[in-house]
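Structures given as structure tokens follow.
Both complexes below contain subunit A, partnered by subunit B and then by subunit C.
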Partner chain A sequence: MTGARQPDGRWLALPALLVLGLFFTAFGTFIALSLLHAVPGTASIAGPASLDNYRAVAGLALNREVTLDTLWLALQLTGICILVGYPLAYLMARTPSRTVRNLILFVLVVTFLSGGVTRAYSWLIILGNTGLVNSLIKKLGFAMVPLVHNRTGVVISLTHFLLPFFVLTLFGALKTVPAMLEEAARNLGASRLRSFLAVTLPLSVPGLIAASTLTYAVALSSFLFPALLGGGRNPMAANLIYMKILDAFDIPAAAAMATLFLVIALGCVGLFALVERLAQPRFPLARRHG
Partner chain B sequence: MRALDTKPYSGSVVAVGGLALAFLVVPVLFIVYYAFNASRYFALPPVPLTVHWFANFFDNERFQAALHASFEIAGLVTPLSLAVAVPSAIAIVRGSFRGRALLNTALLSPLMVPGVVTGIAFLGLFSQLNVASGFWRVTAALSCFTLPFAVRALVANLHGLDPALEEAARNLGASRWRAFLHVTLPQLRPGLLAGGIFVFVEAIDNFSISVFLTDVDTTTLPVEAYNYIRDFDDPTVAAMATLLIGLTVTLVFLVQRVTGLDKFLDLK
Partner chain C sequence: MRDDHALKDGPGRLADTSRALSIAGLTKRYGSHRAVDDVSFAVPAGSLLTLLGPSGCGKTTILRAIAGFVAPDAGRIEVGGVDITALPPERRQTAMLFQSYALFPHMTVAQNVAFGLKMRRLGRAEIAAKVVAALALVRLDELAGRYPAELSGGQQQRAALARALVTEPQLLLLDEPFGALDQNLREAMQVELRKLQQRLGITTILVTHDQQEALILSDLIAVMNAGRIEQLAPPIEVYDHPATRFVAGFMGAANLLTGRLTGRHADGFDVAVGGGMLRLPGTPPAGDAIALAVRPEAIGLDAAPAETADADGFVGRISFVTNLGSRLLYEIELADGLRLAVEEQRQDKTRVRAVGERVRLRLDPHHCTVLRG
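So, the complex of A and B:
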């Protein structure tokens, strides 16, 4: 339509490429550092390059246990988010009332934006030994239940942190599943549960996997919540890496740990993405008859 | 026009959904209450209310320094991130060069990397480059890290725009730059606002990257709060949290007024 030389707009990508360059340079430096070693007693880092750090990191049983435990815990948290978050996303997508939808959106967005330290701290006080929950338990005449500095506190607070990610992503997908299809199934005599199981659920599988992938990826990199609510006794992978920096100030060893963890984490997230791709063609949205 | 008089979901969906909503909102409300709690510790029955902890927050020199640093950093990171995001989003949506899809994926990649890994990576880079200022280390790292938020918001915004408008301006003789400035940019206002708020809040709130890059001269609010929680047991951090929640609620209301929250979420 337009004149002779239409630029394709590649120069517009230049600033982004500079930022990405900085980002990937940081990672390049980082992987290079992981091959060197810290000179004991000083802040300097020296060669020769070797895989010693990786051998040391992988050789430590604690590192292997915590890594496996992190992968498993992230999976459990994703499961909890599906159970608790799916009904909420569904309610939000299907409610006929704009006010209800906006209220849910408002709560999700405010929670989402209200800050990690804020929320971790709030849970610390709510679940603490003299906190809201235990005060109520004591008033009812029961014995105190330890809810912080253990796995329970980490799971509760992390579920709270992850839920908005999950619900907001799933909501986007559920909205695109036409409510008409469900109504048609209902009109044909299917029960509510059956029309959900046979129509809505299969159609929402790609969105469900996308939301779970995001939730799993965010859960894997948890750092603040296990640090504050786990009381140092329930470290996740990121906490171990942090301790390596803080306690030993061994940047090369921490870099090796972080690189290994990054590879494992991306591998697991990649598995989710693979499942997503496999699930896609089986439930094409275009197939409207049924 | 609804086909059946019954609702499309059953009572149990409403019950679980309602409980989930309560679960989300309780900690936010609780921390606001706790900030006004006169006792140093939480107590039942409720104790009288006070603004003592807010005064404590504003009297604390370290919190004041962190407050200033956090807002200065976020005030730099937000325009920087948006300035890079606008041309990037236009290149992704309107460009016709090869590798646009790859650029889009690459721009989202910082989100996939655990914050701790990003933090250590930047720590390593800056220590090699001898960047010793905590302020600039955090600003540079967060500008890179928040870029995906801004790009996503603007890409979603641009997808909804009609390129014919800009073409019309060009056909009427406007330069490319003028057409962009007077036709496209005003239409990008919702994306700039939504993206800007996301970036700003993330820059104020980020902990896992900043904790590695701050130094004795510059700490940010979350890092200072984290240190405070470890050393003291009183509601001063709750007062800080309440102020930040107030800021967030105001910003979300602003989005609601300007673009509507549903639009805001279509960006996801």
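So, the complex of A and C:
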């Protein structure tokens, strides 16, 4: 008799299943919609179900270009986040000064919490042709550098948007790598750099990949910053889907585009998971001594 | 005798002065707090000195300063007459055994041991030979391919020790190395480490708060309190003749008595204490109040005849008895209310005294230590 009074464990999964069910119903509706047609000149949507929308979406060169470009830009942004964010996360995890750590944490969290639209317009003010950066450049006697309504503005603002996701995730992982291991390495004759490369870096790989995956996934779904700082000339996948709805009013086509992009994006995130499995520590997890 | 020639045939091993440590005027402040306050000491080559004291006494800060992880505010650290105070950790020939071993979890035992040799850019074959010898030295040859998490606590410690010793350091630094081991293993490892240290003749600094451990392992003990050394002496000296009240208390279970100086003689002085009178050798410290430490095992017990008056001194009643098997611990309350601990060896025929029995204490003046400061 295994615990006659114990509640059946399967029932505990019910709330989670309900939530998941709700999500999948939304996705289901969405995918069903993508198989129908918009009736031209009206707001109504009609059958019969077909894959015509997918054919049309995949057939358009612009769609293919923007999709590839979005995947590539997200990868570049993840790369920039690694370069900028790793030192920041490392500093946060290793600094003996509580003030330094709290200051970085505060800046990141404020960035996290401040609204996207506010931040996008702030960037327009800072990076604009008569903005802070360019007036400084002009004062120094150089020619004005266009920083908004182009790719540069998109990259700067998105890096700022993505950095907290990356840094906070990696910080959590770096904290679990004992600083004492670096001391041990230095005690054994390794320079500061070598002890980092030989000990801390390899031990932080799982955290690095987790942070990169999250950053990449969030970057793929960027909408606001490319819309506001890209000047309409640098659409990402989400912007294209939005245009499909707003300009063409073709909801089924937009749904097909979104579904297709979702599948491709999942595939790319899946690649990260594969890398993570390959880089997964082959060594057994450390256990507490005692 | 195990094969440890590979560790021994480095140039100029054993008891040469290039491995002596000397520290002068070492000071480290954190804010206004002096963690280490003008500490000086010297350790002869091949000796093991223990920095013994409660947590926060500065012992770990000194060890970390020797390793180069703490930059002192003042003072010099010399190894073999060479000033290493300004060198970064990786350029010092010190090997530290960390409290939780700090083995690299992503490397096997052999890779861990090889790490320091790789950093010194030794040849592949030489590294392999030294790793094998070092693992044999700590009896871990069988487990070279295991990862640290697959080892027991004692094995992890031996791996960390092999990693430290394989680089043939000038100094071995041990930071509470036995704290994470259980009691039986700890004692075995302490003896093993001491034998190894003596065999290799490596100058060693041990940090611990465990006086037992200090007694087992040390050539010299520096008892520390509040950033300063209270006494630096061989273990027996520290144990038998603690210099200060703090040392007497920290070295464990000594009876601390306060008496009054009543007279001086050519060969000693008289102290009134515990209702009796003691004639002690030597010269008294300044002041009338004399602090004494007496070890429980240095006090003898006699049955007090019925006619002895309490006023005759050193007469009291047994107020508690603890039987530890090989030893008996008596708590004795003297007439003036003072309580003393007395320890007797116990054998099969030894009579255990009962609570309430009147006894007379025999205090040997040579085992009474006068505390200064």
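The rule is short, and it goes like this: the second predicted complex is superposed on the first by the 266 of 290 C-alpha atoms of A that agree within 3 Å, B and C clash if a C-alpha of one lies under 4 Å from a C-alpha of the other, contacts with A are read in each partner's own complex, and residues count from 1 in each chain.
In the analysis below, a residue touches a chain if its C-beta (ideal position, glycine included) is under 8 Å from a C-beta of that chain, and two chains touch if they have at least 3 such contacts.
None of these values were measured; they are calculated from a predicted model.
In the overlay built on the shared chain, the residue A:162 is in contact with neither subunit B nor subunit C. Subunit A has more of its residues touched by B than by the other of subunit B and subunit C.
Residue contacts after overlaying the shared chain place A:102 against subunit B, while subunit C stays out of touching range. Once the two complexes are overlaid on the shared chain, A:268 sits clear of subunit B and of subunit C alike. After overlaying the two complexes on the shared chain, residue contacts for A:36 are found with neither subunit B nor subunit C. Contact with both subunit B and subunit C is seen for A:187 once the two complexes are overlaid on the shared chain.
Once chain A of one complex is fitted onto chain A of the other, the partner contacts of A:178 are limited to subunit C, with no touch recorded for subunit B.
Once the two complexes are laid over each other on the shared chain, residue contacts for A:198 go to subunit C alone; subunit B is not touched. In the superposition on chain A, A:208 contacts neither subunit B nor subunit C.
When both complexes are aligned on chain A by C-alpha atoms, subunit A residues 183, 186-187, 192 touch subunit B in the first and subunit C in the second.
Residue ranges on subunit C touching subunit A, taken from their complex, read 67-69, 88-91, 94-96, 98, 100-107, 115-116, 119-120, 147-150, 153, 156, 163, 167, 180. Against subunit B, in their complex, subunit A makes its touches with residues 1-2, 6, 8-10, 12-20, 22-23, 25-27, 29-30, 33, 84-85, 87-88, 90-92, 94, 96, 101-102, 104-111, 113-119, 121-126, 128, 130-132, 135-136, 139, 159-160, 163-164, 167-169, 171-172, 179, 182-183, 186-187, 192-193, 217, 220-221, 223-224, 228, 237-238, 241-242, 245, 251, 254-255, 258-259, 261-262, 265-266, 269.
Against subunit A, in their complex, subunit B makes its touches with residues 2-4, 6-10, 12-14, 16-17, 19-21, 23-28, 30-31, 34, 41-44, 83-85, 87-88, 90-92, 94-97, 103, 106-107, 109-110, 112-118, 120-125, 127-128, 140, 143-144, 147, 151, 167, 170, 197, 201, 204-205, 207-208, 211-212, 221-222, 225-226, 229, 237-238, 240-241, 244-245, 248-249, 251-252, 255-256, 261-262, 264-266, 268. The part of subunit A that touches subunit C in the complex is made up of residues 178, 180-181, 183-192, 194-195, 198-199, 202-203, 281, 283-287, 289-290.
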